[in-house]
Amino acid sequence: MELNYTAADEAFRAEIRTWLNAHLPADLQAKVLGHRRLSKQEFLSWHKTVAAKGWVAPGWPVEWGGTGWTPTQKHIFDEECAGAGTPQIMPFGIAMVGPVIMRFGNEGQKRHYLPRILDGTDWWCQGYSEPGSGSDLASLKTRAERRGDKYIVNGQKTWTTLAQHADMIFCLVRTDPEVKKQEGISFLLINMKSPGITVRPIVTMDEDAEVNEVFFDNVEVPVENLIGEENKGWTYAKYLLGHERTGIARVGGSKRELAFLKSVAAEQQVDGKSLMQDMRFASKVADLEIELMALEMTVLRVVSAESHAAAQGKGGPGPEASLLKVKGTEVQQRLTELMVEAIGPRALPFHVDRFDDPAKGEAIDPLAAYYFNYRKTSIYGGSNEIQKNIMTQMILGL
Amino acid sequence: MDFAFSEEQTQLRDALRRYLSQQYTFEARKKIIHGSGTSDAAWTGLAELGLMGVPVPEPYGGFSGTGVDMLVVMEELGRGLVVEPYFATAVMGAAFIKHGGSDAHKTALLPNVADGSLKLACALTEKQSRHELHNVMLSGTAQGNDARRSAAPDNGFSLNGSKTVVLHGAQADKLIVSARTSGAARDKSGITVFVVDKAAAGVTVHDYRTIDGMRAADVTLVNVGVGRDAVLGKVDEGYALIERVAQVGVAALCAEAVGCMAAINEQTIEYLKTRKQFGVVIGKFQSLQHRAAEMFMEFEQARSLAYLASVKVDSADAGERARAIHAAKVRAGRAIRFVGQSAIQMHGGMGMTDELAVSHFFKRISMIEATLGDTDHHLAAFAALGSVQENTTAQAAALTA
Amino acid sequence: MELNYTAADEAFRAEIRTWLNAHLPADLQAKVLGHRRLSKQEFLSWHKTVAAKGWVAPGWPVEWGGTGWTPTQKHIFDEECAGAGTPQIMPFGIAMVGPVIMRFGNEGQKRHYLPRILDGTDWWCQGYSEPGSGSDLASLKTRAERRGDKYIVNGQKTWTTLAQHADMIFCLVRTDPEVKKQEGISFLLINMKSPGITVRPIVTMDEDAEVNEVFFDNVEVPVENLIGEENKGWTYAKYLLGHERTGIARVGGSKRELAFLKSVAAEQQVDGKSLMQDMRFASKVADLEIELMALEMTVLRVVSAESHAAAQGKGGPGPEASLLKVKGTEVQQRLTELMVEAIGPRALPFHVDRFDDPAKGEAIDPLAAYYFNYRKTSIYGGSNEIQKNIMTQMILGL
Amino acid sequence: MDFAFSEEQTQLRDALRRYLSQQYTFEARKKIIHGSGTSDAAWTGLAELGLMGVPVPEPYGGFSGTGVDMLVVMEELGRGLVVEPYFATAVMGAAFIKHGGSDAHKTALLPNVADGSLKLACALTEKQSRHELHNVMLSGTAQGNDARRSAAPDNGFSLNGSKTVVLHGAQADKLIVSARTSGAARDKSGITVFVVDKAAAGVTVHDYRTIDGMRAADVTLVNVGVGRDAVLGKVDEGYALIERVAQVGVAALCAEAVGCMAAINEQTIEYLKTRKQFGVVIGKFQSLQHRAAEMFMEFEQARSLAYLASVKVDSADAGERARAIHAAKVRAGRAIRFVGQSAIQMHGGMGMTDELAVSHFFKRISMIEATLGDTDHHLAAFAALGSVQENTTAQAAALTA
């Protein structure tokens, strides 16, 4: 057991940090650190900066533009980016559809799509959930009927994150309604500019428009946009959900937010002293910090197990990802709770007009909205109840 | 020992619930919060139901309502998710006049509160004060020769400083302002409470939305001159008045939270009964069933102490009053967190949307938690009361001696 | 709404308190207050003292020896007894089988058993649970076969509280194995001295012997010991479980234990001051005290609703009893947790030889055992999971 | 960054687990705890496996084991619910000698620890001290003329006072005793640590069971004379040594708790898979499934910080060491409460019995929580360390400045 980073790891960290210091624009960083809302252009410009450096897809094979980093290096990279306050690299292309295309796509699909994902040409979104199919994803109803060399797609997807920015959507569609629900699903890539697609924003309780409904009205999709075999889409979907999950705990981001929480609390007064000197509040922060320390160690244990497995030619993470998802979101949500607690009645003002610019207003302005927004984390990506079901079955065998 | 509501209370509740369900629908409310923030029509409607008069003593045109009467009103306003300035005016504002006003204040102001023609707002919180209402820096300076003092009238004060998160400050006709007239920022003595005309020279009000659909304002006072007759209670001794009024406010907020949570629980149960996944309604999943049972228990426990607070808020026994008020806010706070978060979680993605009422209820109760002292604030205050053990027998008492 | 007691109520309270002061023996009180273990004789002597005063069965009709008290008076009586530290009046006769006999028994059964319950002649125990039938009570297997004017009983009961002291046991037995499980159950009264009954103590984790296994080997029971009709026992069993539940919250006892907790904590030092001055610990106590205040109000709300219902000739408490059970046991268990926390490493010594006498050792000696013992409260009488099921179905309609 | 155990560690673990599962069965253990409290045979068996030598430096006949080696041992002893005086002797006792002993102490004592022929116990806690190991009143008085002082040898001390809950005090050959040699009861300076022969005149030991199946003792010292050569560390500066040794102890207890919780979780899952109610195994009920999943998560989180503590306990960086130790004990404490209580609850009545191992595990981990500082104690200590933010980038750090 060796829980210190090697000198090589530390050198790697220094390299990342130096590069981030030089290339992360201060205004962009200020927005991220200040919990402000980012534009498409801002996400994209950062994606392109990282892509130009060759670091945008550390999880990909080197031949397709990956980095060849060890699991530990990937972890360090994630942590440094999160700590620095970089915009998130959207996962829909790099972490989701990319690996599916790589694994199950044909050569033409790989050559066409992968470089465009890498360099940011295509912004992808995810067409999984439907109004009637949330936790029970396999019950999806969006139909794709083959007509000649086209599929005709009809139906609706929902909770489609940032679909308003997207060029492409990967969709689970029903191609055979007669068989068992998991067996009639296919995996289609659809151009968002296709006639018949309508995107309608869903306003969330923080009055943001992160998610959308996407409607398909006789949308024509070329058959060459099918991934793998028809009616085998459920296999690919599950692969996608199980791929690259250690980042799911978001330890780096939570460490940054913990520091932010402390800085906010330190400025609040209670009983004539700083709120961080208040035993009750300090205890809550300490408990949370300890939970986060434990989570970081748990992530690193999984990373370490991955490294050993990789060394023996075995693959990917198991159901531990469910643990990381649940604990990760609990920590994230708790951080936002304590931020709101810290600022007391000043949580109330809703200066939504200030949310695009950290120069407007104060650092505390977006915090209540951030709290409400983050309730999503225990719902999306397989709700925490679903994650507990997975642990129950896969780990505990109940 | 009787928890039943009187016939009058039941009638008031029914009338109010009927009015709100017909006139103050979720859609109507949405228009209000994205419009000017309050509705004159609704205000008139509520006044016609007699709501503004409930807390006002009879001699001044009201009904001399008790804490329990206010509980009935606030619970329904919570259930209806009402964003009108009732709390600012009829709960907090009226209580300031009632507990701190002179006969002249009462005669001049209370009848207008009772008939709905006067709106009040309470400017107590400052940027640095968090939950401590004695943390007051806005200065009240007695008459004198320098620039500031010269603004004060004979025997009066000049007010200078800022308040923040003044609930419905911009919608009010008059502001009730706490000011530092002597001592240092966190002294409990040296605070004086003034009634200030919002239209007075030197008063600036910046109106904004709050995240729970209400309105609040930042209020700035520059050389605002007020006379001795603007003082509520006694000069330098305003903090006792503020504390007393805050208790009235806390009892009302707990009742409002109970109304909100009643609605949340109903909506969640309804959702569990209709939403299907895996071929069954999700209310068949035991983990969700048990969470719903826990929401029910949290709600009932919070309700019990909201009732207690509504009775004890009128008590002449300061210790008993404080104990019930602090306990109710703590218990409401615990319930708010659990009930609110659980409701959103069990609604899944739908719970995150602006479209369903449940997210609005969740936002409102969360902000109630942050208003007039949060859970920790009242927990600390409760613990500081010491071990007042009511109704324990002499034998048990002897053990603690 | 009137949340103060009336002058008449207060006078009633004073009467109870005066009587308790005069009649509760100091040594017995010291044992109860000191969490010591009581002997059969101690339970019984207190039962007889209270019975002699006519207060041992406040829930019974006056004609059978009840008190005619209002629900509020009954609550006050419970509270005063708990606060004073009286031994518990065993519920098996007074609160359980008594009401069943009264409601469903024949005249002969009533005249024989009820006076003996009242005066303590018969110590009853409860034959409900079996090794295979815990939460799923109706699956019980103990057989009673009719042979002439006798039932022949074979099988086993378990978790039988204080069966070692008992003269009589009321049993759910299976008289018809062919029908739906709820429909073949009968309710039998069995003399514990009958040949073929064996009582085997179950040692619990605190090394106490509160509960037992009771074995029936061809035990002969006269048919006149059947309550009501054969195969209708499930109805009577449910009646019993639903009867007289407001006491289930044990508010009076918890108030006494809260005072005890504070007295113990006040004597502990931390950071040079009393543990009750420690913000962390004081916060936990305050939270618990508030929960208990809320529970008391909830109980009184149920009592008040009962009074109104009684005034209208309607009966008993509903599924709110489940709420009272869950919250009541949570408070009781939390009290024991905090007692153990309060005494730190001094929780370890296990001076079980001191548990029968408060004069031996110190007040803190039994506290860890008390904590472990009280884990039972969320298991017995319908586990808290079962109570949540009941609330789910009966109140929420899920 | 590698969490794998070495081949030697894996071998040690396997050998120990095999030994315990064969020789130290639940029934065998029960006989021990209801008999003399410890087993000479087991002690010999463990010694033969080399267990006592793990923490002892090689020059003194041991294996110079690391914190991780001790983790491996303690986790297995936890899993096996071993009640032998390993913690008192090889963890705490050996650490006192290693960190505070002179060469003479080491030479005289450590080889005997390593071969199992010497048992130690640490007498630190007093009735009033609760979790504060600097709360020491047992007096160490330098030589002098009065009755007490005359008992002290030349240049030595006379010890007077009482200790309580001395783990395996009666089974030990020598006691390591903290004494107040100057200052007042709660001063951190003025404490001195002594090695005292249990057989010395004036030493009385009262042995008793602990509720978790171990043994402890009340120790009374009356005019026990000890020489300068009995001092571990420096006179009046013993508290730093005690703190250092307590860290070693905490790391070991966390590892033991992890072993216990691993067993508890396995047993609970097994019970859920076999116990039937309502015609199905109860593991099919979702509320129990989710609780089991939460137990799993609690366990894994506690395990992660037990690992960290086992590595950092050897660190020369006092801040880093304290941070990891406090965090591990807090996290273990949270897990202990949840895992233990849940296991009993899900076992139902069976969980309450002495018959199943699960109740014994529950008792043991509960007492671990109360040993060497409880959750609140370490939480306060952790919070007091301040905001040492490791591995955050310069940008984030700037925010907190």
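Labels A, B, C and D are assigned to the chains in the order they are written; within every chain, residues are numbered from 1.
Keep in mind that, in the parts below, contacts are C-beta pairs under 8 Å (C-beta built on N, C-alpha and C of every residue); 3 or more make two chains touch, one makes a residue touch a chain.
Because the structure is a prediction, the values reported are computed rather than measured.
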Checklist entry - By CA centroid distance, what chain is farthest from chain C? => result A
Checklist outcome for this item: Ranking A-C and C-D by C-beta pairs in contact puts on top C-D
Item to check | Distance between the centres, which are taken as Cα means, of chain C and chain A, whole angstrom | outcome: 53
Checklist entry - So how far apart, in whole Å, are chain C and chain D when each is placed at the average of its C-alpha atoms? => result 39
Checklist entry - With chain centres defined as C-alpha means, what is the inter-centre distance between chain A and chain D in Å? => result 42
Checklist outcome for this item: Flagged in chain C as touching 2+ other chains are 279-280, 283, 385, 388
Checklist entry - What are the residue numbers in chain B that touch two or more other chains? => result 285-287, 289-290, 376, 379-380
Checklist entry - In their shared complex, at which residues does chain A touch chain C? => result 279-280, 283
Item to check | Parts of chain C lying in touch with chain B, wherever the complex brings them together | outcome: 1-6, 9, 17, 20-21, 29, 33, 72, 79-80, 83-85, 255-256, 258-260, 262-263, 266, 276, 279, 282-283, 285-287, 289-291, 293-295, 297-298, 300-301, 303-305, 307-308, 323, 326-327, 385, 388-389, 391-392, 395-398
Checklist outcome for this item: Note: in the complex, chain A contacts chain B through residues 129, 132-136, 139, 158-159, 202-207, 211, 268-272, 275, 278, 280-281, 337, 340-341, 343-352, 368-369, 371-372, 375-376, 378-380, 383-385, 388
Checklist entry - Can you list the chain D residues touching chain C in their complex? => result 125, 127-132, 135, 164-165, 186, 208-212, 214, 216, 276-279, 285, 287-288, 337, 341, 344-345, 348-349, 351-355, 359-360, 362-363, 366-367, 370-371, 374, 376, 379-380
Item to check | Complex interface listing, chain D residues touching chain B | outcome: 285-287, 289-290
